[in-house]
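Structure, as structure tokens:
Labels run A, B, C, D, E and F following the written order; every chain starts at residue 1.
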């Protein structure tokens, strides 16, 4: 399958410029459209602007000064409670159990591309089920 | 804890009159409020009238002539896509994989009260999470 | 790995002729053997003829007039209760919670090939465990 | 609900005579029928004689000389591959990941009765689903 | 089983004094030992003092001024990454997906005692497995 | 992504020399580093020497005379309780429920490469979470 602007759009948040093209390529090779933010502030701006367009958020934890990946995950969920969230980290992985959001994935670096793709695919596939349940006209909006 | 009209209300569908008080007592002893229908037609009427008031549907499969428990589960989900559904059966249990709704529980008779209570409690507890995700003002209603 | 007639055979049910080769290629590129039906009636015929040869059923929901993907999934499970079932749909996804079979996957279009492959692989991998449990000489056949 | 010989029968394996009545009472209070073995050898004899009558096996790990709880769990699964297995232990709990069978529960002592009942109920409830899948006339017996 | 100081100790955090005895009784009736804090500050003090003694934390979300239940859950996990966490709330339940910790339970009020007991028991039972895995002398401490 | 000695190292145990390069290539194509043992004895030696370097163990069951894949999985878990374990087999798959370790995957031959990759990726992704929980300085080592 080729890249198609109708395919799911993912928000990638990574500040290590050497890693960015590797991650972008791994995702777009599968047909995903990728929007990349290089720090937490930009990531939050992207979310404020168009959170509902993203089908998943993939974020590094350490993003220099400013908001961390934990902040990005939390804000994504405030805007879209069902947002699939995948964290990536080397040394912050052990903080996931205190700082991650429920039903998120923590990828410990170094990981191979197949781990990222499998994580994204698995979360997207279960979101279809959640959305099937969520579109419930009888439920009052919050 | 005592029975309180604010506690979750469950729809119980059972046509075996000897079993009805046993099941009702097991559930109300835990504080649940129980509305009982003795056949599929009445169950469907209850659902049409007030499906959103029920926190779970517990239904036998064989309900005499008229709609079966499979029909009751399906209609409950049409009205409330996130409705916890628990089926009970002796000889129809093997049909669950073709006729049950996703993420439902099939209790094979004979079962003890603790199995029913655990099934209800487990489904209700995970529904809280689903509702947390579903109340998403950014999602278009279906 | 190359296509080998010993590799798992999947039943694909899709009526959109533009999509068929895309889906077939995505699956066969991974080594799966694919049998394609272009409508529900043909799919049901394939199931009647050789359901036990299929390791999974992947079906669109809207299949024109005649049986829908919901009917295909249900009949597959009547014949092979452990059959992995994957549904694909754009606008019918919200009906999954009422019409899908238990432990099935609902892929919301548009999805990327990796989502389909991951769904198939995950279901096949858990079926191995189920079959390990099911081959129980002490259990009476139904 | 009262104890009824039609309710599920469980095999309890515990060599600490002070604990036996406490565990038996906790289980029979919920309506379960309990067959107790006080060592591994007796437990294995019970399994050889009537494994298919038990709906679950609940076993301590340390059972004096002779077969351990690990051996009991393994033999139960050889005879009934879908047998729910619950282990209980104080100091052997850390060995579960190497010696337990798949999809078993490890209860670390001290635990309260509700933990045991919830574990049994949860496993029995999911077995109904497995049996629904396993009763597949199209599958060759092993 | 009677209350025994060897049975699991739980930290309960609830500021509604009318609810406290109801929750305490529901838990201690099952044999749990309960330590109650009536606000977030006290809860955090209890955690700082003896987090490793608690087998689970059960906390309301709204705790007046001062730390919320979200803060309590997070701090518990910083001190004991495997700590079972159960939140209770009426109107804050929809915030769980942004503020809860991974693998926690959100109980929406009003709930019956059986829901709380089932949630605690289920989390404690799976913690035994996690601890079995975690006691790995070959892993470097963080 | 290219093969990098920093990427996860996997232990592959397969005695069928025709299969070895196929499995090795499928794994290394994704960036995994593969150490292959051709029988159980060698596999156990590798584990004794450097179990902590492996991120997963993938093993055939029938390995000629000497230790089987069941023995390899068990020993891996004794050394590293959280070790992801994947079994592969044609005719021994039905023994998994008695001989496999908890939370392992059983791949029934013939399977396609995507099933192996998905199984490895899924287990590695959930191990990150387990390790996040396991690195708990407050827990006593066993």
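Simple rule for what comes next: a residue touches a chain if its C-beta (ideal position, glycine included) is under 8 Å from a C-beta of that chain, and two chains touch if they have at least 3 such contacts.
Protein names from UniProt, one per chain: A, B, C, D, E, F = DNA-binding response OmpR family regulator.
Bear in mind the structure is a predicted one, so any value in this text is a computation, not a measurement.
**Q** When the contacting C-beta pairs are counted for B-C and for A-F, which pair yields the higher total?
**A** Ranking B-C and A-F by C-beta contacts puts A-F first.
**Q** Looking at B-C, D-E or D-F, which one is a repeat of the B-E interface (more than half the contact pairs shared)?
**A** It is D-E that repeats the B-E interface.
**Q** With touch defined as above, tell me whether subunit D and subunit F contact each other through largely the same residue numbers, more than half shared, or through different ones.
**A** Interface between subunit D and subunit F is built from largely the same residues.
**Q** Indicate the whole-number Å distance between the mean C-alpha point of subunit A and the mean C-alpha point of subunit E.
**A** Chain centres of subunit A and subunit E, defined by C-alpha means, are spaced 28 Å apart.
**Q** Hey, how far is the Cα centre of subunit B from the one of subunit F, in Å?
**A** Centre-to-centre distance between subunit B and subunit F: 42 Å.
**Q** Can you tell me which residues of subunit E touch two or more of the remaining chains?
**A** 81-82, 94-97, 102-103, 117-118, 122, 129, 131-133, 135, 142
**Q** Hey, which residues of subunit E end up touching subunit A in the complex?
**A** Per the touch definition, subunit E meets subunit A at residues 74-75, 77-78, 81-82, 94-104, 142.
**Q** Note which residues of subunit E are touching subunit B in the complex, please.
**A** My answer: residues 22, 26, 93-97, 105-108, 110-115, 117-119, 122.
**Q** Help me check something: in the complex, which residues belonging to subunit F touch subunit A?
**A** Listed in rising order, the residues of subunit F that touch subunit A are 1, 4, 6-8, 30-32, 117-118, 120-122, 124-125, 127-129, 131-133, 135.
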